[in-house]
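Scrolling down, you'll hit the structures one after another.
What follows is a pair of complexes built around chain A, which joins chain B in one and chain C in the other.
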Partner chain A sequence: MILRLAFASLMARALTVGMTILAIALSVALFLAVEKVRTGAKASFADTISGTDLIVGARSGSVQLLLYSVFRIGNATNNISWQSYRDIAGRDEIDWIVPISLGDSHRQFRVMGTTSGFFEHYRYRGGRMLEIGQGHGLDDLYDAVIGAEVAATLGYDVGDPIIVSHGVASFTHHDDQPFRVAGIVERTGTPVDRTVIVSLEAIEAIHVDWQTGARTPGAPTPVDDIRQMDLTPDAITAALIGMNSRLQIFGLQRWINTYPEEPLLAILPGVALQELWQIVGIAERALIGVSVMVVVTALLGMMAMIFSSLDERRREMAIWRAMGARPVTILGLLVLEAALMAALGAALGMVILYGGLVVAQPWIDAAYGLWLPISVPSARELVVLALVIGAAALASLLPALRAYRLSLADGMMVRT
Partner chain B sequence: MTRTLTSLAAICLALPAAAQETRDLGAHEHGVSTVEIAVENGMLEIDILSPGVDIVGFEYEASTPEDKDAVEAAIRQFLDPESIVTLPDAAGCRLTEVLAHLHTGDHDHDEGDHDHDHDHAEGEDHDHAEDESGGHSEFHASYAFACEDEAALTTIGFPFFELFGNAREIDVQYVTASGAGAAELASDAAELTLE
Partner chain C sequence: MAAPALALRDVTFHWPGRDTFGLRVPDFQLAAGESVLLLGESGSGKSTLLSLICGIVTPDAGEIQIAETRLSGLRAGARDRLRAERIGVIFQQFNLLPYASVSDNILLPLRFAPERRGRSEQGDAARLCSALGLPDDVLQAKAGRLSVGQQQRVAVARALIGQPSLIVADEPTSALDAATQDGFMGLLFDQLAATGSSLLMVSHDERLGARFDRVVRLEDILLRESRAA
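Showing the complex of A and B:
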């Protein structure tokens, strides 16, 4: 009965109530969207590397090593000598080890030298393998396999030539030794999409005529001669390791971290990621704080709306009282109205959120490599919604108490 | 006032034949123990490294009978895993291996040319005067368990804190079937949750 009354009362003031509901809906949608992006970004980062037990690089910070080796963010402070790499690769605990060599680029994309083992062992999104959609893997010395985004942005097809630039954002090109697009990796939503992959030997080959960062003068070494050379690299940037047994991870990590011949660092990707989240946590909390404030603002707006509506409803309230409604009923009616508005706002907010997700999901994935899953609202989201409705009811108590006290006298008095 | 001490130990490894010197500074933070946990196929391995100060209150080489007794008692504590870690009963874990010993920091330190930098907090009531020749010492314990139900290993408690009042924090790293992670435990939040 009172529910119907409350509903009818809201309908009677459809415009102001509608605006209030919209404000609540938008604030709720914003809050939930921030949550989605936050958890989605985390999941996306966590999904980028799986199945790799340890990452080895020069000794620096674990977050830094993770960022440059997996996410191609920032640069390595140092390299690992090939000898140390061989030493680590010779350990019995190791199931596989994949060296990677970074430092060169093609247009805005990084070039990564590695072995075919990378395609075999690299896993993302809970164990998925890289798939070469068109063409094939690294067969020839001058084969390059490119990520889906490289192909899409630069319009490359299998067979197209690629010239690798020396360093990142540089004007010197390795134009004497052009590569050929051998394959294109299916879209993964990981940094692999934005990477040009060549063989480790190829990285060595294009630097044959280079000494201390500059090309040596004179005619370039003919390609046929280079093919005959021993192209074992002197150094690599990092290596990904898979272990035979998880139980040996910490042991090998300690062995690498105390390797006396060279300062090395071995990290567990999951642990380094968590360290990264601790750093990002401050910004995350700020984002949550802002979106909470937006919800609070919307609720305050609702409260102001109820306050001002009291004025226009003083007659209505007085008639309720005259007809025998107890002050508590008036209070209950107002609180119920507020809760109804918040509930409608929350529901509309969910609709906006999921509608927005459906529309924006492919675009966000393509533009930012961020996959936001459309899933049933989590328990956490439902708790947030319940909190918003509860807070609305609580906020409406203030105007409701005012009506509770004044309803009779105020409504009966004739104002001039 | 927190009595957490931070200090650095300088460990010099002299390579005489090559006449080349490697200087390597390892971090050693008083009050903070590190724990590594790995789970695979029902096998659970736990490794604990604790600064000597946390456990017995000193890090110099035990010379007096009291000090030696303290070290021995501590090692005995470590040899009893139940007083250090609590595993869920549902997991049905049986101890298969236990090892505990004290690493002292002053082996191969006869050169006497290494830096030693102590940064003591005020109110320090330990006597480090005899610490001149020694580096830091660490207790190391490792446990191996065979568990019937690996999936039931959801939490690991650390009664360790109740035993050693100087221990403030444990930095945990773990690897399970669902991946690797890290956590920080403190005496008032001494339970690790494994996903």
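Showing the complex of A and C:
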């Protein structure tokens, strides 16, 4: 009955109560959305690479190597010589090794030179393989396999020509050697979607007439001549390695890191990701902090609302008192009302969040390559909701204590 | 002889922090089943007297007794409970929680009074409402939608439910027009006769006196004290 009365009392003040609930709902939705994006981004990053035990590159930072080799963010400072690559590839512990050559681009997308081994061994989201939805893999020297987003953004179909540009965001094009779209990889939600994949030899081929970053003067070498040349590269950017036994990972890592011929760096993708989280963690905490403050602001608003309602509710309190309600009951009533408001706000916040997710999920995926799963609320989310309701009850204690004192002083008679 | 429904002996009271005003009630009794009209102008200390009787405030000295229970020995919580169990209160106006249904309003005191709840039966609220001339469908209506006259009658139903031994009414007719007043008083006394509760009504309206067993002027039982500041 008390609960019903508390509810009726809230309903009677539908406008102010509604605004308060809406404020709480929006703050809760914001907070949970930040959580969703945060965990979604983390999962998305962590899902990008799996099955790769080591990544090898020129010596730099482990996070940097991870970012440019897997996420195509930033650039390599140096290359690995082909000789070093051969040495590593010759080790017995290695099950497979896939070279990667980066540095060129097509429009806003990176071009990656690799071998067909990439399609065999690259795994994402817990072991899934890349699937070429249309067309086929790298058969001819001038074949390019493009990611789903490249195809969607640029409107490419199998058979369309592609001109690769030299470097990233550059105005010099390898227009003497056009590529052809051979296949389109199904959407993966990883940077592969935004990558143009060509063969390692093709990267070498388009740079035949180039030396130290500039085109050599004179007529370009005819394509037919190039096809006859030995296109083994001098250097690659990085290599992905799969081991026969995970037990040998650290041994090989040490061997590569102390490789005497050239300064190299081998990293475990998971460990490098952890390092990345530590860096991102500061921004993450700031984001959480801000959204917590928004929730706090909404609760303060509710507190102010309860405070300002107290005066007009003194008559009501007097009725409760006359009926035999103890001042503590009145305190409890106000706390109950606040908890009800917060619970409604939290529930509405969930509705807003999931409604928003349903609407925005495809758009976020397309625009940021971030897949936010719509799932049953996690335990963590439920804890957050419970905390909000608890905090609301706590915040309402202040006005409730004032009501307690007022009702003690007023008794049944409101002196006005 | 049965214990009086209400007794005050040598009661003195000062509002805390207001030394200059106080009151004293040397002796006042209300027998079980008796109805008494207390005549007094506003500002004559009647609100304070009602607060004392209802146990909202405690006297500085003296004894207040509701039926066989002495208030002075009780803690605040027990006094609140006693008020819920033994006293039905009717205000001048704004008696009801406007957002709650009439039914909830009538049953509200029972929420704080288990014994009184035990005495009341299912359907008591409906029975009281029809006895007080309220329409049948009134129980589910929001109290705030009712006319003032109807609200006052709902307040009577609430005061009477579970048959408390004492009804305290603070000018319950002053918000009603003359024609409604008489009907209201008639219904109130009919129901009092049915439940056997005592009635202590405070009013400034002498014309109401005819129905009461006794009419007492407030200044005859209540001495106002003004201490030198």
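The definition used in the following text is that the second predicted complex is superposed on the first by the 407 of 416 C-alpha atoms of A that agree within 3 Å, B and C clash if a C-alpha of one lies under 4 Å from a C-alpha of the other, contacts with A are read in each partner's own complex, and residues count from 1 in each chain.
Please note the rule applied: a residue touches a chain if its C-beta (ideal position, glycine included) is under 8 Å from a C-beta of that chain, and two chains touch if they have at least 3 such contacts.
Everything numeric here is computed off the predicted structure, so don't read it as measured data.
A.B. asks: Identify whether chain B and chain C fit side by side or clash on chain A in the overlaid structures.
C.D. replies: fit
A.B. asks: Return, as a multiple of 10 degrees, the angle whose vertex is the Cα centre of chain A and whose sides reach the Cα centres of chain B and chain C.
C.D. replies: Computed angle, apex chain A: 110 degrees.
A.B. asks: May I ask you to decide whether A:E275 touches chain B, chain C, both, or neither, giving the answer as first, second, both or neither?
C.D. replies: A:E275 contacts chain B only, not chain C.
A.B. asks: Per the contact definition in the header, classify A:L300: touching chain B only (first), chain C only (second), both, or neither.
C.D. replies: Once the two structures are laid over each other on A, A:L300 reaches no partner at all.
A.B. asks: Using the touch definition from the top, say if A:M323 reaches chain B (first), chain C (second), both or neither.
C.D. replies: Once the two structures are laid over each other on A, A:M323 reaches chain C alone.
A.B. asks: Contact-wise, after the overlay, does A:V351 reach chain B, chain C, both or neither (first, second, both, neither)?
C.D. replies: Neither partner.
A.B. asks: Comparing chain C with chain B, which touches more residues belonging to chain A?
C.D. replies: C
A.B. asks: Please indicate which partner A:A12 is in contact with in the superposed arrangement: first for chain B, second for chain C, both, or neither.
C.D. replies: second
A.B. asks: With the two complexes superposed on chain A, say which partner A:S245 touches: chain B (first), chain C (second), both, or neither.
C.D. replies: Once the two structures are laid over each other on A, A:S245 reaches chain B alone.
A.B. asks: On the combined arrangement from the superposition, state the nearest Cα-Cα distance between chain B and chain C in Å.
C.D. replies: Minimum C-alpha separation, chain B to chain C: 50 Å.
A.B. asks: Using the superposition on chain A as set up above, list the residues of chain A that contact both chain B and chain C.
C.D. replies: Common interface on chain A, chain B vs chain C: nothing in common.
A.B. asks: Quick one: in the complex, what on chain A touches chain C?
C.D. replies: Spelled out, the residues of chain A in touch with chain C are 1-2, 4-5, 8-9, 11-12, 315-316, 319-329, 411-413, 415.
A.B. asks: Going by the contact rule at the top, pick out the chain B residues touching chain A in the complex.
C.D. replies: 13, 22, 24, 36, 38-40, 43, 45, 47, 173, 175-176, 179-182
A.B. asks: Which residues, counting only chain A, touch chain B once they are in their complex?
C.D. replies: Spelled out, the residues of chain A in touch with chain B are 46, 50, 53, 245-247, 249-250, 260, 263, 268-271, 274-275.
A.B. asks: Within the complex, which stretch of chain C touches chain A?
C.D. replies: Of all residues in chain C, those touching chain A are 47, 50-51, 54, 56-57, 76-77, 80-81, 83-85, 89, 91, 94-101, 104, 107-109, 111-113, 144, 158.
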